[in-house]
Structures are given as structure tokens and as C-alpha cells.
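Okay, so chain A shows up in both of these, paired with chain B first and chain C after.
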Partner chain A sequence: MTLALKNVSLRVDGLMHIYDTSIELVPNGFNILLGTTLAGKTTLMRLMAGLVVPTHGEVWFNGVDVTGVAVQKRNVSMVYQQFINYPNMSVFDNIASPLRLARYNKDEIKQRVSEVARLLRLDPFLKRKPSELSGGQQQRCAMARALVKDSDLVLLDEPLANLDYKLREELREELPRLFATRERTVVYATTEPSEALLLGGYTAAMDEGRITQFGPTGEIYRRPADRVTASVFSDPPINTVAVRKHGARFTVIGSDAGWRVCDAFTRVADGEYEFAVRPHHVRPANGVADGAIVEGKVLVAEISGSESTVHFDMHGQSWVSLTHGIHCFNVGQTARFLIDIDHSMLFSMAGELVAAQGG
Partner chain B sequence: MKTRNQKAWFLVAPVVLLVAFNAVIPLMTVVNYSVQETFGDNLFFFEGMKWFEEVLSSERFHDSLIRQLKFTFIILAIQVPLGVAIALAMPRKGFWASVCLVLMAMPLLIPWNVVGAMWNIFALPDIGLLGKTLNAMGIDYNFTRQPFAAWATLIAMDVWHWTSLVVLLSYAGLSSIPDAYYQAARIDGASAWAVFRYIQLPKLKHVLTIAVLLRFMDSFNIYTEPFVLTGGGPGNTTTLLSLDLVKIALGQFDLGPAAAMSLVYFLIILLFSWIFYTVMTRGEDK
Partner chain C sequence: MMASRHGTGFKWIVPFLYIVFLMLPIYWLLNMSFKTTNEILGTFSLFPQEFTLDNYKAIFTDPTWYNGYINSLIYVCVNTLISVTVALPAAYAFSRYRFLGDKHLFFWLLTNRMAPAAVFALPFFQLYSALNLFDTHIAVALAHCLFNIPLAVWILEGFMSGVPKELDETAYIDGYPFWKFFLKIFLPTIAAGIGVAAFFCFMFSWVELLLAKTLTSVDAKPIAAVMTRTASSSGYELGLLAAAGTLTMIPGAIVIFFVRNYIAKGFALGRV
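And then the complex of A and B:
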């Protein structure tokens, strides 16, 4: 099955929700929409499903233009952040409902429902009402409704966001396996870069109603095409600072601080760039004398579990260092941090990727 | 040893006093009256269950109770479905949603005796807009003479006055259903009826339970509007329980029977409400 959006845009009440967007989903693949809240992920999914008609552009489904075709004629299914089930039907009837509406016969309904219920470990609860299930089971019931139908396109809109940490981990592991059993294209929206990396597949980074880049997830993580994509794909946000390259050295513009240019960037022409490094590649320089060391005033220091997050002032930019282990800092003190220059990126002042090393 | 802080009593005192003077003491006074014979000069004689036996076996009480149940059943049967239907038809957002809400809230804001007076004038066969129009159309209509016309007017007035309450409650219930439910139903290809039957109605269940309870209890308490509109007439045909009660208590000053009757009446409301609530909320999350 194939789905392509061709120059699709959506304007509602004079406001642009989706800017001119073209994307061809990877057939039978796991496609992730990654972006912050209000980036347009849900809207794009609704366009793909046919729940809304684009203002401009075309939606092509299996090689046919389906732009104006109603959603129920498109063989799609969708799972939402909220646990959407029919409240007064049993789990069995809930899972069976799409089949009943599609007029399958009784035996086939029974066989398919029990098959999907087994897959999602819902078989002990078939007689219960959704309100008698835990959150994770309710969401599995909603997923079962999406899976039972054999749809060509499955849209999952932040399906794990309302679950607690442990259930989220559990379902996240199951997800790719569940959807790999049949030939179908999956679109999965998430706000979490780590979730996208765990799920693998292909990722479309979204920002303010635009897809900034689409490609294999790892590839986009390592080589984001521009600064916006890099910040979408970094949590906490990626650290950036304007630098001037001259020869083998970067100098922070407006200060004396600087460091050696790493191997991958040596061929880059001298000039002004935006240097970017992810928070987990900036660590406290405890006793390290050598390397790309910068100094900054600590703004916030948090320790959560086994990780330390330190926000510090990097020559006017707020930077974040995220490291394993417990590192204690006092707010207001000046501390030294070591930048891992082998995992950094260089963007032009206009935001285009110039070079990247190590992701 | 720990000293116990007695300050908490001061904090609950206002509520205790309010409930005591508002509900408990009046109710106990009624209980007290219900077992005594009253004479002038504050003379009371204990009579035991006499008044209760008298009330329960009196034809007059049976008649007004039946009238009351009929009235309650008819207005519930009209107001609940009508209220839900109007709520479904109302726009969900924008300018017209506000207009509809204001229009719907209006009947609820009008004082009850004014509603009665309005409908009385509206329905008068000689000068009222409704009465005169009906008669001009060749329909013989006079609510002060014909029992059926009196009933129809009474019910029309109550529907006009109170359907809004059901509408507003249902509208609030409908607005709380996340949009994702409707989308999910659309993706499934569910019909408008299926959406109503399997999404909206189950989600409205709690709201409607409250709406029916409120309307049930209120319809038993209705007094001012029928009093102003028909005064219980023609004859006794629209004398509902509360009208009858007031006639006995104030008109004839039979405090004993009136008190016994109010208690019976109170227990009926309590019993019906309890049964209804238990049935509606049966089998839910404990």
C-alpha cells in the first residue's frame, strides 16, 4: 500500500495549519512523525486519513487520487492519545465493531477477534466493559480495533502518551512487532525523540506545520538537514552557539573561548557558523585539562535518578549538559564543561547543515 | 498526652445550624404535627397513626397522587427526549452556540409565578394570543372550563419552562465528549444513529440520570405555576399533590392530616428517587 501527499496544505479560518507539504510514506513501513505539540502531527494524520480535506494539494492512496473521498471508504484505522472505545460495549463487541460495520459474517468475526485479542493479550477480558480495564488494557483494546480490520493504513496518534512509564515501555516494545504481522503502512506520531529512535523505521521531523526532513530515523538523527530538524530531534533542545572558524580553531563570536576543529570539519571553509552539540555530549570537565573546555555560570542544576542536568550560560546562550552519574553544582557558580567535539554539527548561519560528525 | 483540638466544632457549626433550621427542625415539626390533633389556643392531643391511616385510605389523596404521577410521567416523557434532541441539534461552537444557550437559559430565569401569570394570560380564550388563535381556528378551547384543555396548557407550560434544564445539562454532557470519539466512529463508518446509541447516549447517562431525578423531584414540588394558571381547576382536575396539601393545611387548617400527607408525599419522592438512582448506577465502578 502506498500513500503520498502531493503539495498538500491546510488553512482553517485564515490560519495556516499545514504549509505546502509533499511526502511519500514508506510502503509497509513504520513512519514516525516527530515534533513538538502544535507542530501539526495530528492535523497531518487527519489529512492522511481523510478526516479533513486539504485546502490545496492531493492525497494519493495506492496510486489513486482520493483527495475528496470519505474516510470510511479508505480502509484506514486510527488510535488516539485518549483511550477511545465504545463505553457500553464489551471488549469483544468493541473489537468486533469495525468488522460488523463492514458486514463480515459471524464466524469470521469471532475468529478474527480472538486472534487479535490473543495477540494483544486481551483474551481474558473479552466480556468486560472498557471502564473495567486498566489504562494499558483500554489502549490495547483501542489498538485491537485498529488491527482487526486489515486496514492498509494505521495511524497512531501519540498512543502511549497517556500511559504511565512502565506500561509505555512495555507497549513500545510490542508495537513494531504487532504491526509487522501484516502488510500495512503505519504512521506513528510522537513528541519524544527517544521514542522515535527506539521504534526505528523512518522519521519525518515536523515543525510549525512543515515537514523539515524525512528519511531513515537514524540517518536524520545523525545528519539533520538543518538546525530546526536538529532541535526537533533533541530533548533537551540541542545546544548551539555562533562560532568563527579560522584554520584549525573555532572561536565563540564575541569572546575568547574556543576549541580545536574536529577532523570532519577541517575541510569547511573559514567563516561564521552555528556550532551545535547535543546535551549528552556536553559533560562536566572534572579534572580534564585538555580538549574543548568551556566555562559558564550554572543557571539550574537538577539530579533525577542517575542523571544530572545542568543548565549553564554559554556566552549568552543557555546550554544544557546531560550526563550519567551525580554531579553537584551550586546555582551561580562558574563551572567548566567539556564538549565532545567528535559528536557535533555545524550549520550555516542560515541554518543549513554544513557538516556533522558522530550524531 | 495529646490535647484534642475542639476548634473543629466551630468550623462545622454554621452548616449544622443551617441544616438544622432549614431542614431538620421543620421536618421534625411536621412529624410532631402528624401524630397530633390540633385545636385553637395551641391545644394538642396525641393521636398516634390515625392521620396516616386516614390519609392513606382517603380517596382524595389517591386521586391527587394519581394526578401527580400522571403529570410527572407525561412531562418526563416529553422533556427528556425533547431536551436531548434540542441539545443534539444545537451548534457546538461559534456565535450561534452562544445565542442558543442564552435563549435556552431564559425560561429558567423567569420567576415561577410570572410563568404562571404569563401562561394564564397567553391562554385566555377571550384575550390571550394562544386561546384566541385556537378558537379563531375553530378549536373549542377554554382551559378554565375543559379538563383536557387545562391539562394540555399545564403540560405545555411546564415543558416550556423546564425543557431548557434538560437541554443545558445534555449540552454540557455532549460538549464533554472528546472529538476523537466522533472521528473514531467516522473511520469505522458508523451511522449517525450508531454514534448516538453507542457514544453519545452512554456518555450522557450520568447527566441524564441527574436530569431525570431533578425533573422528577421538581415536578412533585410544583406548586406556584399550576396555582396561578388553573388554581387546581376546573373542579379538582388539575389539583396536584402540593396544591391539595396546601388546601388542606392552610385552607382548612387541618395541620394533622396535612402533616401526615406531607410525610407520605416525602417518602414517595425519596423512594422513587432512590430506586431510580440505584437502578441507573447499578453495576458501575465501586
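And then the complex of A and C:
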């Protein structure tokens, strides 16, 4: 099954929700939409499902233009962030409802529902009403309804966002296995870069109603096409600072701080760039004498279990250092941090990727 | 510990007094309905001295009396049915779609309730007479729609807006056509709201006197109009009147029983 959006845009009440977007989903693959809230992930999904008709552009489904076709006539299923089930029906009837509408016979409905229910470990609850289930079970019920019919396209809109941490971990591991039972194209929206990396597949990074990049998840993580994609794919946000390359040395513009240019960047022409490094590649420089060491005033210091998060002032930019282990800092003190220059990126001042090393 | 034990001794007093004051008129009505008119006028007694069921017997045997109840029940039920049926699609439109002037129209609906019904008595009388609908149940039922439909729309809109629109979308994605979704999933989901809306329509139609009286003469005369009759011919028949009043409260009590758990939400017009 293939789904392609061709120059699709959506305007609601004069406001652009989706800017001119073209994307061809990877058939029978796991396609991830990654972006912050309000980036347009849900809207794009609603366009794919056919719940909204685009202002301009076309939606092609299996080689057919389905732009104006009603959602009932498309073979899709969708799971929302909120737990959406039919409250007046039992879990069995909830899961069976798409099959009943498609006029399957009774025995087949029974067999299919129990199969899916077993897969999602819902079989003890088939007679209950959705309101009598826990949050995780309610969401599993919604997923069962999406799985039971042989839809070509499954849209999952942050399905794990409203679950507690443990359940989320558990379901996240199950997800790829669940949807691998049959050839279907899955679209999965999430705000968390770590979730995208865990699920693998292909990722479309989204920002303010635009897809900034689409490709294999690992590839996008290692080599984001531009600064916006890099910041979408980094949590906490990626650290950047304007630098001047002069031979084998970077100098922070407006200061005399600087560090050695790593091997991958040596062939880059001299000039002004945006240097970027992920928070977990900036660590406190305890007792380290040489390397790319910068100094900054500590703005915020948090210790959460085994990780330390330190926000510090990097020549006017707020940087974050995220490291394992416990590092204590006092707010206001000046501290030294070591940048792992072998895991950094270089963007042009316009935001295009120039070079990347590590990931 | 001491303080709370001390406190419990008198905590019951305020609610007790409140309930006593609340129930007193109702009790007195009930008390009167079992007395003879002479006793009511003659002595002051907490209990009927000569307990009698004659008042009730009179109502249930005299057609002009019990027909009053039947007439009232007919137009109230017809009105409730019309109001809720018409309000359901309207409320759905207000809760799910945006259209030109929707907010103004929605507010205007509520202001309809603020106009006293008396204002409309004369035009309605003229209109229904011209259409030969005078003194029919449907005339009163339609007239009461004037204030009951806006009310039902408001209540139902509140309940409907509490249902996420993702439920609608999920149903469409599953393949439900609109009407099938509306009848099989959406209506059961807001069943409590429909109950509350029906209750309010029932009550307001049941207690409305002026329009009902103006638009009827004999065939569709409501019970409230029949009750005014006792004040004329053979002096005051207070016992009979009290029995009629007691019976008037019963339908409301029955309806309220079914929606008792949702009534507070209904008073907030579904917005909680």
C-alpha cells in the first residue's frame, strides 16, 4: 500500500496549518512524525486519513487520487492520544464494530476479535465496558479496534502520551511487533526524539506546519539537513553557538574562547558557522586539562536520579549539559565544560547542514 | 478528637431545620388533602382529625378533574418529545460545527427564555385560532416549544461538547455513516444529557399555566386551569384543591427519580 501527499496545504480561517507538503510514505514501514506540540502532526494525520480535505494539493492512496473521498470509504484506522472507545459498548463490541460494519459473518468476527484480544492481552475483559478498564487497557482496546480490520494505513497519534511511564515502556516495546502481523503502513506521531529512535523506521521531522526532513530515523538523527531538524530531534534542545573557523581552530564570535577543529570539519572552508552539539555530548570538565573546554555561569542545575542536567551561559546562548552520574553545581558559579567535538555538527549561518560527525 | 466529637452533637441541627422548613408546605398540602373542607376552615390540626379519602375519590371519579390530568400529561409529553427531538440535531450542530453567527445565535436562543411567556399569549391565541388549533393538545405543546427548545439545545450542547470530537472521527474511520454513528454511539453516550433535557422540558411545560390556559377551553383544559374552578361555585373546596395539588406533584417526582444523578449537571446546563 502506498500513500502520497502531493503539494498538500491546509488553511483554516486564514491561518496556515500545513504549508505546501509533499511526502511519500514508505510502504509497509514504520513512518514516524516527530515534532513538538502544534507542529502539525495531528493535522497531517487527519489529512492522511481523509478527515480533513486539503485546501490545495492531492492525496494519493495506492495510486488513486482520493483527495475528496469520504473517510468511511478509505481503508484506514487511527488511534488517538486520548483513549477513544465507544462508551456504550462492551470491549468485545468495540473491537468488533469495524468488522460488523464491513459485514463479516458472525463466526469470523468472533474468531478475529479473540485473536486480536489475545495479542493485546484484553481477553479477560471482553465483557466489560471501556470505562471499567485502566488507562493502559483502554488504549489497548482502541489499538485492538485499529488492528482488527485489515486496514492498509494505521495512524497512531501519540498513542502512548497519556499513559504512565511504565505502561508506556511496555507498550512501546510491543508496538512494532503488533503491527508487524500484516503488511500495513504505520504512521506514528510523537514529540519524543528518544521514542522515534527506539521505534526505528523512517522519520519525518516536523516544525510549524512543515516537514523539514524525511528519511531513515538513524540517518536523520546523525545528519539532520538543517538546524531546525536538529533541534526537533534533540531533547533537551540542541546547543548551538556562532563560531568563526580559522584554519584548525573555531573561535566563538564575540569572545576569545575556542577549540580545535575536529577531523571531519578540516576540509570546511574558513568562515562563520553555527556550531551544534547535543546536550549529552557536553559534560562537566572535572580535572580535564585539555580539549574543547568552555567556561560558563551555571543558570540551572538539576539532578534527577542518575542524571545531571546543567544549564549554563555560553557566551550569551543558554546551553545544556546532560550527563550520567551526579555532578553538583551551585547556581551562579562559573564552571568548565568539555565539548565532545567528535560528536558535533556544523551549520551554515542560514541553517543548512555543512558537516556532521558522530551523532 | 474532642472538638470533633463535640461538634457532631449539633451538626445535624442546620440540615434538620432546613429540611423541616422545606418539607413543611408539602406536608401541609398532604395533610389538608386528607381533611374535609370544614375541618380545614374550622380547626388547626397537625394531623387529620377525620381522615378522609373523599377528596381523591372525587378527583378520580369526576371526568372534568381527571381529564385535566390526562390533558396536561398529553401536551407535556408531546412537547417533551418535540423539544428533545428538534434540539438534538441543533445542539449537535452548535457543538461540532462552526458557522457564521453561531455564537450569536446560540446566545439568542437563551435570551428567548428570558421573555415572559405572557408576551406571547395574545399572538399565539390569534395564530392558533386562525389555524383551527385552538383548544387542542398540540397547540399547547407547540407553544411550550418556545421556551423548551432553546433550553434543551443549551443543555444538550453542554453534554455534547463534553464528548471529544475524536469519538466522531474514530467512528467515521471505523466506517460508520453519520446517522448510524449518531443513533448508535452518540445518543447512548449522552443519554444522561437527554434525560436531563427531557426532565427540564417536562417540568417547565408541566408548571406553565398562562399559555396552557389561554390556548384551551374544554377539550384540552390543563389541570392547573381545572383547579381554579374550585374557587367559584360552592365556596372554597379546599380539601379537593389540596388533593389535586398533591397529585400534581407526582409526575415531576417520578421523572426526577430517573435523572436524580445528573440533575446538578443539568442545572449547570451541562457545563461542569
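Everything below uses one rule, namely that the second predicted complex is superposed on the first by the 359 of 359 C-alpha atoms of A that agree within 3 Å, B and C clash if a C-alpha of one lies under 4 Å from a C-alpha of the other, contacts with A are read in each partner's own complex, and residues count from 1 in each chain.
Going forward, a contact is a pair of C-beta atoms (placed from the backbone, for glycine too) under 8 Å apart; a residue touches a chain by one contact, two chains touch by 3 or more.
Owing to the predicted nature of the structure, the values given are computational and were not obtained by experimental measurement.
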Joint occupancy of chain A by chain B and chain C, clash or fit: clash
Which of chain B and chain C A:Ser131 touches, first, second, both or neither: first
Chain B versus chain C as contact partner of A:Ser344, first or second or both or neither: neither
A:Thr190 touches, of chain B and chain C: first, second, both or neither? neither
Touched partner set for A:Gln139, first chain B, second chain C, both or neither: neither
Contacts of A:Tyr86 with chain B and chain C, given as first, second, both or neither: both
First, second, both or neither for A:Ala102, with chain B first and chain C second: both
Touching both chain B and chain C, residues of chain A: 46, 49, 51, 71-72, 76-78, 80, 82, 84, 86-89, 97-98, 101-102, 145
Chain C-touching residues of chain A, taken from the complex the two chains share: 46, 49, 51, 70-72, 76-78, 80, 82, 84, 86-89, 97-98, 101-102, 142, 145, 149
Touching residues (chain side chain A, partner chain B) in the complex: 46, 49, 51, 71-72, 76-78, 80-82, 84, 86-89, 97-98, 101-102, 131-132, 145
For the chain C and chain A complex, residues of the former touching the latter: 164, 166-167, 169-177, 185, 188-189, 191
Touch list for chain B against partner chain A, complex: 178, 180-181, 183-184, 186-190, 194, 198-199, 202-203, 284-285
